[in-house]
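Two complexes follow with subunit A in common, the first pairing it with subunit B and the second with subunit C.
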Partner chain A sequence: MANEAVFTLEPGALSSLAPMSIVLATAFLVLLWDVIAKPRDRGILLGFSIAGLALAAIVSLILWSHADPVSHTIFSGRLAIDRFSLFFNLVFSVVATLVLMISRDYLIREQIDVGEYYALIMFSVFGMMLLAAAADLLMLFIGVEAMSIPVYVLVAFNRSRIRCIEGALKYFILGAFATAFLLYGIALLYGQTGTTSLADIHTFLEGSSGSHVLVPVGIALMIVGFGFKIGSVPFHMWTPDAYEGAATPVTAIMATGVKAAAFAAIIRAFLAFSPSLVMFRVVLWVIVALTVVVGNIAAIRQLNLKRMLAYSSIAHSGYMLAALLAIEPIWGPQTSNAMSSLLYYLLAYLFMNIGAFGVIVVVGSRENEAVDVRDWAGLGFKYPWLGAAMALFMLSLGGLPPTAGFFAKFYLFSAVVHAGYTPLIILAVLMSAASFFYYLRVVVYMYMQPSEGACTPTVSPLAAVAIGVSALATLWLGIAPSALFPFLEWAQRSVAVLL
Partner chain B sequence: MVSTSHLLILSAVLFALGMAGVVIRRNVIIVMMCIELMLNAVNVSFVAFARQLGSIDGHIIVFFVMAVAAAEAGVGLALVIAMFRHKSTVNLDHVNLMKG
Partner chain C sequence: MFEQTMFYLFAIVSVIAALFVVAGKNPISCAIALIVTLGALAGVFVLQEAHFVATIQVLVYAGAIMVLFVFVIMLLNLGPEDLEKTPRFSRLKGAGGIFAAAGAALLAWNFVSYAARAARVGPGFGGLAQISQKLFTEYIIPFEAISAVLMAAVVGAVVIAKREL
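So, the complex of A and B:
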């Protein structure tokens, strides 16, 4: 059907691209400015990047409030500029802003404060926005690559450190390997259905009798490709090494922005594949169970904070993947609940993770990156605000009641239980109880061990604001119940366009 | 006459060869070549399907894949050079600083 269609530009197509265009334009201007500006003050570049992200966020908000309740696709159905993608645009802008704010000190003390860093972050954010808006398998592929390639470079950014190169190399090889699987899956789906549009694939699968052998193989290959991107077991091998090797602010954006964008694409793709998803229930069940167990068990023996957070992010991927089990062949309120709880979980997860990585950045110094938890002994009393923030993020990651992490887990788990996966959720709850062992270890070291003075935190105002905002968001999403419902409703309305 | 299934089998064999190469070979350059082989195996599938379906989409996607593969190779080779500067080797067995 797309073959006969003459390419037409829908009215408003270009203006609805505004958030992406702004981010991309900022990236190019940052690159240009870095070359031509005589006094090389990178503070200007940082301010300019944040201004670009803020503008993109504002435009996304405006578009969000004016968006059609029905899905709005542009470029002959290639991109969907709906509330779902605009919600994610906003999320990515906030994430990138916070990450840039915690990056500044790190870049200066490692003497790698060059303009390319800001440009690469912006290019990667552009890829994330593209990925969240992809309504077509080709755009999905381009989005994944536009997001990943700048991140490969970012992981290796501190190239005087051998660990950075090693982490980047592992991430690159396994990432490219996974991309090939994703692409093969796309090829098989295209071959069987004759289209790359997610909406057309959904229509095809609804009407098909299920005798198409290439469809399940294609979906399976895509699950492998996505599994690598979000770091689910058994495709998680690169995660701890890449997270440990990368510069800490880069780890922060890998654990949050990249993962959120991958989940946005997974939600869109899985909703399109929903008629054929029944046969993958068992596979998904096993992947979720393995991810939750392996992630939490492996984290227990990590004394390296970055590796610990890497395994913890694997475990969180497992919890979030569980929500996909609740997708019904014909979308109903159960699917809608599961998807909106997944969005809420992502939101909570982003803030607590960026906050935790932000604290690690400011506690570290050039000589000692402060990734060993034993170096944190006594920190809680010497630096009460920093200690309190870290304790809050750790408890929230574990899921203690008055924090965002608890409500995120509560909504997500109850949505999956309603779908009839009680044993799996019992396993997940047990594992998240076990996770307190390694989250609380950080708190114990900070408050209950004698101070050895191994760490000398230097908190700049910029980083303090970023950590403060993350902490407030983590608390606010958890403490104020009235704050909860707008967010949930917001997430629900964002998903509603897909259903 | 070459049928679509012939081409698909060729594509699957090439993809499997590339996959085996990534898993077995220890030289980073060879591993990257194997990844390229996998991507181009997929391209064969796309072209075969496009011919069978009489649709242009598959042909177009191949160009996108080639462009992306080129960008990826650029970043990958830069990483290999950075690694060679540190270790004077391109063998993946020597990339073993981080474990656990």
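So, the complex of A and C:
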């Protein structure tokens, strides 16, 4: 053809895809190897998956150290492999590795140890990485799907349990609705701005006088879609059932990896929408207040640990969403502080949650999943290490110093207070004080109730390492929080330059 | 001349088949008639030089979506006596017909009144060459990522549908 356009890849475009390509390749390798591996040798699939994730993490670190402080988009503006997305690549690799380490025993115990589990986890991680790197609404949508579809299947994985199917169906149907909302919002934004690129949308919104009706409608629909994905009130209804029904390691990845990836996308999208975000402050305020209150109050009633952690994760979403209120129309120190405290919160939240779910996995057995807190009576004395780890995770989730949870809350809340939302933060602090009621209940049962011997934990070395790493990270992030801040701010600044 | 003849041929076939879809008694023959309609429409698209749309029309609508339709009809498993009870025409169908006619009239009126100042598309617009060029340059990453999503979905579907893990 005569009008053939010359198309050239940006320098380094292909090599910067390395982390996600490695993860995807590992997924295929696991699928292929599963065909020839003997049923008893599934351990090697776990080995492949962890090796792939470790390689992806190392490559991300190398790319990080070579990355420009300025964010560039690659592939005609579809992806931004900057310090922000590389930071998240690292986080997802670590999260998935820890989850796989606590999965193994569970899968064998429930007799669902098949290769597809590992492959689906890897596919989901690929989606998360895509989502964190999406610089374009089209890629954002594909990333959400690439992350969610494997997780829908993973929730339904343990089909012999009826709860699993129920949770999966609810998650799938509501997730599909959420995707539809997200897509509709994207379509309206595209209709008004004529572009799907986040950077171009930002420029458009900066220059526009605000008379474009479709922009606020589009942003509102996208808030609904994101709200479902992170489980914020009033879009949280699926969370307790899906979290309870899913296999515990899958719940762990839903509560951590999926949520972190959704927040990564929200941060990018909201920074792009920042010139128009002022009119959404009230909406966000209400969502945050509702999420924090409903999450914490509902968790108080739960004696089922998985449901309790589900509501607690709703409450934590609320705290994290509050940071978005501090986004200014133009990037400034206030936004920068809020975003780096949000990243710090995510990091702290990931470790304490994976740790808590890991302890639940090892305490349970095939006959008794040990999700009822009453079964944990006296556990702290019989199994001092497990008890201590669980107590640490619970205190950290509640936000007691010197754990990661305390500093995460402290930085995040002070960033939002600086933005002028003191009443909201007072509410959040009151609610997080109330949250000690249900977090401490676990500790009370473990240490102050006579043992009934209902649980027989079996701790494999792999799970022990995963729980130990989570516990150490929870402590380290709490004791030396400032060590991470330059790192986080660097990640943040690379997004700011994108706009 | 040839094009016009072909256009009328495809158009008449698609309209007659569409009428049969609405008025037919047997759901399966209605579904088959719908395939004929969609196939004839694909022919109309080809005459408009929209080869890509024509292919997709056959692959997606006449192929995948029709399989779904037939599947649902078979799942419902209506016997001859159920079919006897349903009238050939109903108020609902009448209302649908009126809406469809109104929509068609609006569309026709739009075509007639805007035909003079309609924007002309370039040569080869919507053709396979242009679409593939876009797909493998600007949209290469979404294209590849979508294929990974489809792969994950296929694996997931197999996992869910397997009798035992």
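Simple rule for what comes next: the second predicted complex is superposed on the first by the 469 of 499 C-alpha atoms of A that agree within 3 Å, B and C clash if a C-alpha of one lies under 4 Å from a C-alpha of the other, contacts with A are read in each partner's own complex, and residues count from 1 in each chain.
Note that a contact is a pair of C-beta atoms (placed from the backbone, for glycine too) under 8 Å apart; a residue touches a chain by one contact, two chains touch by 3 or more.
As the structure is a computational prediction, the values presented were derived from the model and not from experiment.
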Contacts of A:Phe75 with subunit B and subunit C, given as first, second, both or neither: second
Touching partner for A:Ile112 - first (subunit B), second (subunit C), both, neither: second
Contacts of A:Tyr152 with subunit B and subunit C, given as first, second, both or neither: both
Contacts of A:Leu138 with subunit B and subunit C, given as first, second, both or neither: both
Touching partner for A:Ala178 - first (subunit B), second (subunit C), both, neither: neither
Partner chain(s) touched by A:Met128 [first = subunit B, second = subunit C, both, neither]: neither
Partner chain in contact with A:Leu386 - subunit B first, subunit C second, else both or neither: neither
Set of subunit A residues, in rising order, touched by both subunit B and subunit C: 138, 142, 145, 149, 152-153, 156, 159
Complex interface listing, subunit B residues touching subunit A: 8, 15, 18-19, 22, 28, 31-32, 35, 38-39, 41-42, 45-46, 48-49, 52-58, 60-61, 64-65, 68, 71-72, 75-76, 78-80, 82-83, 86-87, 92, 95, 97-98, 100
Of all residues in subunit A, those that touch subunit B in their complex: 2-3, 138, 141-142, 145, 149, 152-153, 156, 159, 162-163, 165-170, 172-173, 176-177, 179-180, 183-184, 186-188, 190-191, 194-196, 240-241, 244-245, 301-302, 307
Subunit C-touching residues of subunit A, taken from the complex the two chains share: 1, 4-5, 7, 24, 27-28, 31, 75-76, 78-79, 111-112, 114, 116, 119-120, 123-124, 126-127, 130, 138-139, 142-143, 145-146, 149-150, 152-153, 156-157, 159
Touch list for subunit C against partner subunit A, complex: 124, 129, 133, 137-142, 145-146, 148-149, 151-153, 155-160, 165
